[in-house]
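What follows is one structure encoded as structure tokens, with my remarks underneath.
We call the chains A, B and C, going by the order they appear; numbering starts again at 1 in every chain.
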Amino acid sequence: MHAIRTEGLTKHYSVGFWRSRPYVALDHLSLEVAQGEIFGFLGPNGAGKTTTLKLLMQLIFPTSGQAWILDRPAGDVEMRRRIGYLPENPSFYDNVSAEELLAYFAALFGYRGAERAKRVAVLLDEVGLGAERRLQLRKYSKGMIQRVGLAQALINDPDVVFLDEPMSGLDPIGRREVRDIILRLRDRGATVFFSSHILADAESICSRVGIVAGGKLVAAGTLADMVPFHIKGWDLIVSGVSADTRAALAARGATATLISEGRYHVVLPPELSSAEAVALVRATGGELVSINPVRDTLEDFFLAQVQQSARRTFD
Amino acid sequence: MKKATAIVLGAVALPVLAAGVVALQIVRERAFPGREPAQQALYVSSPAVLTRLALGFDDVVADLYWIRAIQYYGSTRLSPSADKSYALLYPLLDLTTSLDPNFNIAYEFGSFFLSEKPPGGPGRSDLAIRLLEKGITARPDRFQYPYDVGFVHYRDGDYAAAADWFERAAATSGAKKEGERADLWLKPLAASTRATGGDTRSARLMYEQLLNADAAWLRNDAQRRLKQLDAIDQIAELQRRVGEYERRFGDPPPSWRDLTQADYLQGVQLDSEGRPVDPEGYVYVLNPWWGDVTINPDSPLWPLPTENPA
Amino acid sequence: MRAIGLVALHVFRDSVRDKVLYSIVAFAVLLMAASYLIGQLTAGEDLKIIKDLGLAAMSLMGLFIAVFIGIGLIAREIDRRSIYAVLAKPVRRTELIVGKYLGLVGTLFVNLAVMAVAYYVILAYIGSTLSPAALKAAPAPAADPRLLLAVVMIGFELALVTAIALFWSTFSSSALLSAGLTVAMYVAGQFGADLKNFEQVVESPAAGMVGRGLYYLLPNFAAFDIKTEVVHALPVQPGYLVLTAVYALVYIALLLVASVVIFSRRDFK
């Protein structure tokens, strides 16, 4: 059984009021996500990520193609008991508190009485909302609303969770907390399908990613499998390096730039392995401060893909 | 919703419900035709247009016009200007009663003041009766409107017409209502108006009924009119005694004192100086040359209905 | 069924706290209280005027609530995307529509009840200041229980207005447009009798037919207005009230079914 499966999912919108012409928001998307996976759905803004999620939630209806969640057609009401969904930039009702909102949603899933109150409290704790949970939502910041959105997506202890840009609007601490929540979901066997336009979000947690651009799925697989993400070199920060070390590094094709007294930024070519470079620094009496791989960003990759597909259309 | 369900709902339930809405509209219209507005009122006169503009708030707009009518009447009456034609009074009351045909006070007020002679009103008994006839059409059961028509005729001195209308009032269903039984005084009123039109007895009957009116100004006015009737009766009595004195001494009494000293004022209400006073306490005026008795022009009862204020 | 109740309860909770609502109700109560002053300006029948103004205030403020909060029902939810999270829950769109409608009608009725209580308090107070003669002369007592009939009919009328507001907001995502269309329909419903007699003022028989057709199809709001009868203590036949109430219910059902059909296939872009 697949957690999520789509087959030739296509959505056209008509643009313009008079003489409307179709705009292809999503073009024959076929995708499979296994149970227990954390699937990153990546792409630049306007690529079709949100359209895909809305089709899966049946907020919009496909022009053609089909989608299944947990082997049930998208839109099946019983299936929805087992999923959770965080919309992009969520917004709720101004005049209710976070607690009341979650109680309402929990009730829709059939939770009652003390069990419901407990469920609400646990989730609000999990997303880090304290006493402010009793305030009306009109008083919440964007980040707090994002946390409420996350809590409501998990209120029914779902088997499959759909998160549309879950990190947006959050500070670095918030992002880390969301990452932890996603990992905990995976640990208890849930499937997580999340969209993002930031590669770093995906890298740290995803088992698999799919990349969309211009409404088309351009790549799917593990991040490591994807050729464009191969390492292009290494970025080192070293301290206490002597002239000898610099000379030895230069001999191997590295460039060293002075940052401050005794501290250098060194760029190594990809032929040199990281272990070799570290050993070299150590052997000449230097101290390693940090080491980072140099590679294409997701944006570079998107750009290349978009250019490629544009070239294909021209040819 | 599944596509099939949507089609069934759209193709079956919607037409059935729409037919139901139309059918109910027709059934209600047939069963309660009275609520449909009269067709000839459509786009004919300004009250009809105003009723449309009122958008269902007819009663409130009627109230507003009623307030305007009152303010208009009051300011015209109090204004120092010599123009007392009250030209807007009838149109305002007509609009009020067109918007709310049950506006009792507008009819009663209209009949009372439209027929009042200047400067108290425009002296338009024809308009007063036209307004009341609208009221009679709207509420044929009420005895007050035909009674008010009779009252207008009575004040104009047309006692035969007044008596006819009092009889018509006595015949309404409202007059025979238990607890009200207005016919019990309307019938004698009609009879006495027809027989001895113009004497104070029937007038007294009418004003005594007005003492029960719900509007304070009507009650106050009735009270004043009843005192005027008392004054008219008292003047007639004083005139009789002055005549007796004149027959005996050859000349009218030079002053009230002479009349008192000759003991001609037995049983008449007198002030401390022995002069006869009207119900408001003002001394009656005695003309020593002609011997006629009139009301004191300072009295609030002046002028009496029979006297020419000029 | 349970979902409908939950949605209704939630709508009620959300909208009953709306500050706009408080101000509308407060304004209505103020208007009723002010009618006492207006009553002083007139000679006689002040009780009638206070009764008229109170009922008019209730029906007008109720209209505001029905239109502006009724539009927020769907239009604002789509506008602000709060509907996304709800539709991903195990709730059918039909249940959402019906639940929202019931929740709003509940809010409306509570507000109407508050206004009615204020109305009776004001009437009772004014009744206590009037002279026994004036009270005896009035066609009905000050705090006449029969006035409730008019309030109930206003309730039916406003429930119908709410259904219209809901219907328009299911296919237009602009709250302002929905409000405009609803108010237009309310106004057109007041002109019912004119549409019916349209054929008498136009030359073309086709235009007359269109007018007559519109008369039967548009909601006839004039039928709900029994304010005059009640204020003047005139008889209102129970059959008339029942027929008009049933008319409202069937019309509401028609609008709800149409809303559900449209809403269930709607894309939320």
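Criterion: contacts are C-beta pairs under 8 Å (C-beta built on N, C-alpha and C of every residue); 3 or more make two chains touch, one makes a residue touch a chain.
This is a predicted model, so every value here is computed, not measured.
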Using mean Cα positions, find the chain sitting nearest the overall protein centre. C
Determine, using the mean of C-alpha atoms as each chain's centre, which chain is farthest from chain A. B
Chain pair with the most contact pairs? B-C
When the C-alpha atoms of chain A and chain C are each averaged to a single point, how far apart are the two points in Å? 48
Averaging only over C-alpha atoms, locate the centres of chain A and chain B and give their separation in whole Å. 86
Hey, how far is the Cα centre of chain B from the one of chain C, in Å? 39
Where in chain C do residues touch two or more other chains at once? 92, 265
Okay, in this complex, where on chain A does chain C touch? 13, 54, 57-61, 77-78, 80-81, 83-87, 89-96, 100, 104-105, 107-109, 136, 149, 152-153, 162
Please give the residue numbers of chain C that touch chain A in the complex, ascending. 3, 6, 9-10, 13-15, 17-18, 80-82, 84-92, 265, 267-269
Hey, which residues of chain C end up touching chain B in the complex? 38, 41-45, 48-49, 52-53, 55-56, 59-60, 92-94, 133-134, 136-139, 187, 190-191, 193-194, 197, 200-201, 215-217, 220-223, 225, 227-228, 231-232, 234, 237, 239-240, 243-244, 246-247, 250-251, 253-254, 257-258, 260-261, 264-265
Sites on chain B touched by chain C in the complex: 1, 6, 9-10, 13-14, 17-18, 20-22, 24-28, 31-32, 35-37, 39, 42-43, 52, 55-60, 62-63, 66-67, 70-71, 100, 102-105, 109, 212-219
